[in-house]
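Chains here go by letter, A, B, C, D and E, matching the order in which they are written, and residues are numbered from 1 within each.
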Amino acid sequence: MSAAVSKKTVPTVGASTFVYLVIAALIASVPWFTGNVFYFHVGIMVCLAAMATSGLAVIAWVGQLSLAHAAFVGLGAYTSVLLVTRLGLPFVVGLPAGALVAGAVAYLIGKPLLRLRGVYFVLITFALNELFRLVMLEFPGVSGGSSGIAGVPKIELFGLVLAEQSQVYVFTLACLVAVTALLYLIRNGQLGRRFAAVEENPALAESSGTPTARTQNLAFVIGSSIAGFTGAIMAHYIGFISPETFGFQLSVSYVIILVTGGRLALWGPLVGAIFLTPLPEFLRGALEYQHIIYGVILIAVLRFLPQGLAGLSGQLTRLKGDRS
Amino acid sequence: EETLKIGALVTLSGAGSSWGQGMLRAAELAAEDVNKDGGLKVGDTSYKVQVIPYDDSYKANEAVTAANRLVFEDKVKYIIGTVGSAPILAIQPITEENKVITMTLGFTAEALSAEKPYTFRPNPTTAEVAQPQIDWIVANKGIKTVGALFPKDETGQAIAKDVGQAYANAGAELSAVEFFERDRVDFIPLLTRIVAQGVDAIELDGNSPVTAGQIVQQARDIGFEGVIIRTGGPATQDIVNVAGKEATEGMFVHSAYDPGVETAAAYEKRYTETYKDQMNGFSPFFYDGTKMLFKAMQDAGTVEDTDAVKTALENLKDYDGVLGTLNWTGAERYGIAHQLDSPFYIARVEDGSEVIVAKCTSQGCE
Amino acid sequence: MSNDLSIRNLTVNYGPVRALHDVSFDVPEGRIAALVGSNGAGKSTVLKAICGMVDPVSGTIQVGGETVPSKPGAALRRGVALSPEGRRLFPALSVEENLFMGAYTVSNRKARDEMLERVYGYFPRLKERKRQAAGSLSGGEQQMCAIGRALMAQPRVLLLDEPSLGIAPIIVAELGRIIAQISQSLGMTVLLVEQNAQMALSLASTGIVLETGRVTLTGSGQDLLASPDIRAAYLGL
Amino acid sequence: MNSILNVEGLSKRFGGLAALSDVSFEVERGHISGIIGPNGAGKTTCFNLITGTLSATSGKVVFDGREITGLPPHQVVERGLARTFQAATTFPKATVRENILRGALLRHPLGLGSSLFGGAAAREAEAAGHASVEEVMRAVGLTEHADQIAGTLAYGHQKRLGVAIGLATRPSLLLLDEPAAGLNPEEVDRFGAILQDLKRDFNLTILIVEHHMRLIMKLCDHIVVLDHGEKIADGQPEDVRNDQKVIEAYLGAEHVE
Amino acid sequence: MSFLIAQSIINGVILGTLYLMMAIGFTLAFGVMRIVNFAHGEFYMIGAFLTLIGVKWLGLPFPAALVVTVVMAILLGGLVERFVFRPFRADELSGMIASLGLAMILQHMALIIFGPDPQSFPSLVSGVYRLGDLIVPKSRALTLGAGVVILLAFYGFLMHTRMGRALRALVQDQEVASIYGVRLEIMYPLGLGLGVALAAVAGGLMAPLFGVSPFIGGTPLLKAFIVVILGGLGSIPGAALAAILLGLIESLTSSFVSASAADIVTFALVVVVLLVRPSGLMGRAEA
C-alpha cells in the first residue's frame, strides 16, 4: 500500500524548479540545434498535444476523465476555421472564439453531464465524442461533411503570416508556456485546493462547503476551453479538418499522454507529450512492428512508473534514499 | 552510384492497409526492377532506388507528420500515396509547395486540380469507369431500378453521386440509396427496406471489400434474387471470401485487368510469389504508375528538377504498362490531365472466380 | 491447556513509522482475550498482521502450534477469521451474499446453512434485510453483517476489531452474550479488540494492554478490570 | 422557544422501506441535543435529509428561520449548518492540515482572479485560513498529527479529523454522527468535555447522534428518540432514560439505574 | 407496412441478441473485473481466427472448433491477466490504458500473421426459415440459439455459484476477499479468461455471418460500449435489455427513416438515458 505517499506540493521556487526550467528550455530549443523543418513540425505537434492534454489534466484534477476531449478540440477548430474562411475574420479573432465556443458548450452540457462520475463519465463522454462526429457528418453545409475542409489558411497574427514551421513553433511554444502557467496558478491557488478536495472525496467536499457541481463544471469549462484553443491552432497549422480528425482515437491519445505523463502531476501533460508524441518517429522504421512496440512501451511505462513519467524523478530519489 | 529515395506514404495499419500494402509492394517491385538492372539510369547517373515506407493509419494528422518527415528529413521528391482522400488533401499543402510529386489513390475529386500540379492519380476512380460499365450492364441485363448502400464518408458520397448519375444516363434509376456509418456489420434492416421496394439490382460500389461481402451475403440471406453489381474498385476475391461462393455466383464485377492479358497475369504471379499473399486489385496501377514516374525522370534527364519530371510525366503517351496501354486524362473533369486512363473489364463471378464478359475503355464496353 | 493463538516478538512498520514493537502474547484455546489501548496504539495492526494484511518486520504468529506465513488467506486456511476495522463489506453484494462470502471455504453446505441460521438468530435484522445491498445498510447493521460474515467462516480463532462500534446499547449487551456463547458452545478462540473495555475485559480470560505499539500489561480480565490505572485510563472511572 | 432548527414531518422512503416517517422536532439555539435510537432507526437518514445529502420524500427543514429543504449540501453548510459522517470520512491523500484547510476555505473564499493571481487578499485569506486550522487542530487534539497523511491515521483519529473539518467551516449548528465511535470510555469523557468547550468557544449549537449513553445523558439538554423511522420519545435526558418504550427498543435493561 | 414492421422487429431482436453476445464479455470485464477493456474487440477477432483455424486448417467440425476456441481463449485471458493487467488490479485507469496498448499489440500481430485481407469462412447453413411472409435467415437463427444458451449458462454461473460470487466480491475489496480465502492468483486470471472466452466465442459464432479479418474488432467494441452504458455497469439483465433495444432501434430506424439516423438516434438515446438515469437502465447507483 504505497498509494498514500502523494503529497500536496507546497509552491517553492527553489533550485529544483530552476533546474527543471533549464531542462525545459533545452528541450524546447532542440529544433534549432538541428535546424531541420521536420523537427520544428514535431515540436509543434508536441506543443499541441501538451496543450490539449493540459486541458484534460484540469478536468482530471477534479477526478473526471473525459473521452470527449477531441470533440472540444474539434469545436475550437471548426469555430475558428468557419470564422476565418466564411466570415473572413482574422485568426486572432478565430483563436479566442474557438476557446470560447468550446468553453460555452462545455458549460451548457457540463451541468447534467458531471452528475456522472468515474467510469460512467468516461463512457458518456465517449458517446458524446461519437455524437459530435456523427452530427458534424450530418451537416456538411457547416462542417464540409466527410470531405472535411481543406486549404485552411495559415496562422496569421496581425498581418504576419506564419508560413514557416519554425515560426509556428515559436507561436505554439509561447501558447504552451501560457497554458502551463495557467495550470500552475490554478493548482497552487485556492482553486487547486478545491479541485483536489472534489477529486479525493466529493461527498465530504460538498459537505464542507465546496460546491462540487460548480467546481467540476468550472474545471470542465477551463479544460475544454484549452482544448478549443488548441484545436484552433491545430486546424490552421495542419490546414485540413474533417469530423474524422476529431474522433474517439484522438481523445484516447490525449488520455494516454495524460496517464503516462502523470495524471495528477502538474508536469504530466508536458512530460507525456514530450515522450509520446515523437515516439512513433523513432519507431517508424519498424513499420508493421511499430504499433506493437508502441503498445509494449505503453504497458511497460504504466507498469514501472505508476505515477507516470512525471513521477520518475520522485521515484529515483526514493530509490536513492532506500539505498543510502 | 547514387540513391534515389521514394516515399511510400500509405496506410499500413487499420482498415485501409489492404490497399496500402498493395501500393507499397507495387513501388517495391518497381524499384526491384530498376535496381536489378544496375539502378535507374537518368542522364549519366545510375540511381539505386530506395523506397521509404511510412504508415499514415488513414489519418490526416498522421499523414501530415509523415509527409513532413519525408519532405524535410528524408528529402524525398516523390511520394507514392496516400491511400485515403483526407490524407492526400491534408498533405498537399506541403507537397505542392515543395514541388513533391505524389501518386495518390484517394478517390476525392478535389485531389486533382490545376492548382495542384504535382499530384497524379494512376488509378481510375468511379467517375471514370462508372458510365461505360453501367451502360453495358443496364443494357444487357435490362435493369430498371437499382438499390445501393454506401458508407457515409467522403468516398461513399462521391461515389453515390457518380454512380447515380451514371445509372440515370444509362436509362435506369438508382431508386433506393442508403448511407450507413462505418463499422456497421448488419445490413439486413437496410436491405429489407431496399428489397421491399422491388429493385432489380443492388450496387456495391464504394464499399470496402469486407462490407461488400457482408452485403452480398445478407442480401442473399433475406432472399434477394436480383443482380448484384460492383461497379468500381477491384475486390472480387475478398468479396467471395466473406460472402462465400454460393452467394456471389453470378455477380457482376469491375475488373482492373484481364488475366488473359499476359503482362497482368505475370504481375499477379510475381506478386503472390514474392509476398505469399493474394494481390490487391490496385497494386498493378501503382506498379505502372511508379514505372511511369521512372520513365518520366529518364525522359526529363533529372531526378532533382521535379518541374521537368512532372512535365515529362504529363507528356507520356500510350505508355505500355502491365495493364495495357495507359494515358493521362481528366482535363475536363479536373482541370488537369493527371488522371490515369486505362482499359478495364466487366466480369461475371462463377464459382468464386472472375470470368471476363466485356472489355471497356472510358469510351464504352463491348 | 494449549495456546491456540500465539504471537511472538511481532514488529510492524508502516514505511518509516514503527507501529508495533516486539509484541508478544498468547490466547489459550477456547478462550476470549481482550486487546485494549487508545487510538493509534496498534490494536488493529496486530489483527492485520495476523491475517497477513500487513507484512511484519519480524516476529512469528502461530495458530494451533503452526506458524502462519504472512500472506493473505494463509491465516484463514489455518482457521482464523477477521471482522475488520471499518466493516469492509462487499457493498454491492447483498447481505446474504456477504455472509456466504464469509463461508467461502466452508465446503459443507449443511454446516454453512446451519451457521447462517445461527447468525440470523443472533442478528434478526440481517435476516429482514438479507436481499438489501450491504452498502446501503445503516452503520450498525453493517457492523452486524461484518461480525456475521466472520462467524460464517466457522473459524477456530475469531478476530473481532471493535465489534461494538456503532451498535446500539441494547445490542451491545446482546453482543457480549453472543461472544461468550460462541466461545463456550462453539469452542472458538476469540481475540477481541475493543474500546468498550468494560465489556471486553469482563468477557475475557486474558487482557492485553497496548500502548504506542508496545504491550504494557497483561493479566486476567478480572484483574485488569480491578486495576486502578486501567480504570482511570480506559474505563473512564 | 428560540429554536435554530425545525424539522417538520420529515419522511424518507427507500423503495418499500420507510426509513423515516413523519418525524418532527426542534433544536434550541445554544443547546446540545441528541438523537438516539436502535440501529437502522433512521438517524443517519435524518441527518442526510437535513443537510441535503438525500432529498426528502416529504417534510420540511427550517434552519435559522429559513427553509433549507432541498438545498444542496454546500449551500446548507454555507448557511452555518455543518455535519460529520458516521464512517471515518476524510480526504485520504492529503495531510491532516490540508484536510482541515479545505474545510476552512468556506469562510475565506477568494474570487477567481485573486485565487489565480494571488495578491494581498489571497495572502491574507491564506493566513487566516491557516490560523483557523491551527485553532481547530488544537481543539480536537490532532496537532501532533498535523503533517500525517489522513488515510494512514488510526481509526479514532480519522473520526476526530472528520469533526475538525466540520468545525473548520465555522458552523452555528454542527451535526455529529457518532463522533465518539472508536473512542474508549475515558476518551469519550474527554471528548464530551471538548464538545462543551467547542460549544462555548465557537458559539455552537450541537445535534449529536451517539450510542454512548453516558456521553449523551451527560451532554444533552434535549434528546429525540427514533425507532423504525418514527419518533417514539422526545424530552430531557431523565425523561427519556426512564421511558419504557425507549428502554425496550434501545437502552435495554442494563441502562436502567 | 405492417409486414415491414413485423420483419423489422424480428430483425431487431435477432440483431440485439448478436450485439448482446458481442458485448457480454466486455460487460464481465467491466462490471465485474473493473477493467474498461479496449482490447475486447481484438479478443473477438482472435476468437474468429481461432475458430477459422480450427475449421479450415485442422478440419474440425464447427462446434469442436468453438470448444477449442473457448479453451484457448481462457488460457489467453489468464496469460494476459498475468502479464498485462495484474499490476493494475486496483487501478481502473491504468488498466484501461494498458488495454489500449494490448489492443494495438494484438491487432498488429494479427495483421502481421494473417495479412489485412478478409479470410473466407465456410458458411454453416444457408437458406431461411419462413413464417408466412416473415423471414429469419437460418445462419442467424443458429448463432442466436447458441448465443442464448451460452449467455444463460454464463449468467447462472456468475450470479448463483460460489465462484461467481467470489468474482464479484473480489473487485469490491480484494484484500478482504483474500482474507476470506478467495485465491487472487486464480480468480483474477479466471475472471479475465472468462471475459476473453466470451468475446472469443462471440467472434467464432459470428465469423460465418460477418467474415474474418484483423479489423473486425471495431464493431463489437463500439456495440459493447453502447450496451454497457445503456444497460448499466455490470448488470447483465441491463445489458440484455440494452442490446435488444439497440437492435430494435437500429432495425426500425434503418427500415423507416435512414441508416445514418439510426446511429444518431442511438447515441442521442445513450446520452438521454444517462442523463435521466445516470447509472444506466438497470445499473446500480454506485460507479
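As a convention for this text, a residue touches a chain if its C-beta (ideal position, glycine included) is under 8 Å from a C-beta of that chain, and two chains touch if they have at least 3 such contacts.
Heads up on the chains, UniProt names are A, E = ABC transporter permease; C, D = ABC transporter ATP-binding protein.
If you're wondering where the values come from, they're calculated on a predicted model, not measured in any experiment.
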{"item": "Chain D reached from chain A (ABC transporter permease) - shortest hop count over touching chains", "value": "1"}
{"item": "Chain B and chain A (ABC transporter permease) - chains in contact with each", "value": "E"}
{"item": "Of all other chains, the one whose Cα centre sits farthest from chain A (ABC transporter permease)", "value": "C"}
{"item": "Farthest-lying chain, centroid of Cα atoms versus that of chain D", "value": "B"}
{"item": "Whole-Å gap between the CA centroids of chain B and chain D", "value": "73"}
{"item": "Cα-centroid distance, chain C relative to chain D, in whole angstrom", "value": "29"}
{"item": "Distance from chain E (ABC transporter permease) to chain D - Cα centre to Cα centre, in angstrom", "value": "47"}
{"item": "Rounded Å distance, chain A (ABC transporter permease) centre to chain E (ABC transporter permease) centre (Cα mean)", "value": "32"}
{"item": "Chain E (ABC transporter permease): positions in contact with at least two other chains", "value": "107-108, 111, 260, 263"}
{"item": "Junction residues of chain B, two or more chains touched", "value": "13, 152, 181"}
{"item": "Touching two or more other chains - residue numbers and ranges from chain D", "value": "152"}
{"item": "In the complex, chain D residues that touch chain C", "value": "14, 37-41, 43-45, 86-88, 152-157, 178, 181-189, 211, 213-214, 249-255"}
{"item": "Parts of chain A (ABC transporter permease) lying in touch with chain D, wherever the complex brings them together", "value": "3-8, 182, 185-186, 189-191, 193-194, 196-197, 200-201, 203-213"}
{"item": "Contact footprint of chain A (ABC transporter permease) on chain D as seen in their complex", "value": "51, 53, 72-75, 77-78, 82-83, 85, 89-95, 98, 101-103, 105-106, 109-110, 112, 115-118, 122, 125, 149, 151-152, 165-166, 168-169"}
{"item": "Of all residues in chain A (ABC transporter permease), those that touch chain B in their complex", "value": "36-39, 41-42, 45, 134, 137, 145-148, 150-151, 165, 238-242, 244-245, 249-250, 280-281, 284, 287-288, 290-291"}
{"item": "Complex contacts: residues of chain B adjacent to chain E (ABC transporter permease)", "value": "13-15, 17-18, 20-21, 149, 152, 178-181, 183-186, 188-190, 192-193, 196, 209-210, 213-214, 217-218, 220-223, 237-238, 240-242, 244, 246-247, 277-278, 280"}
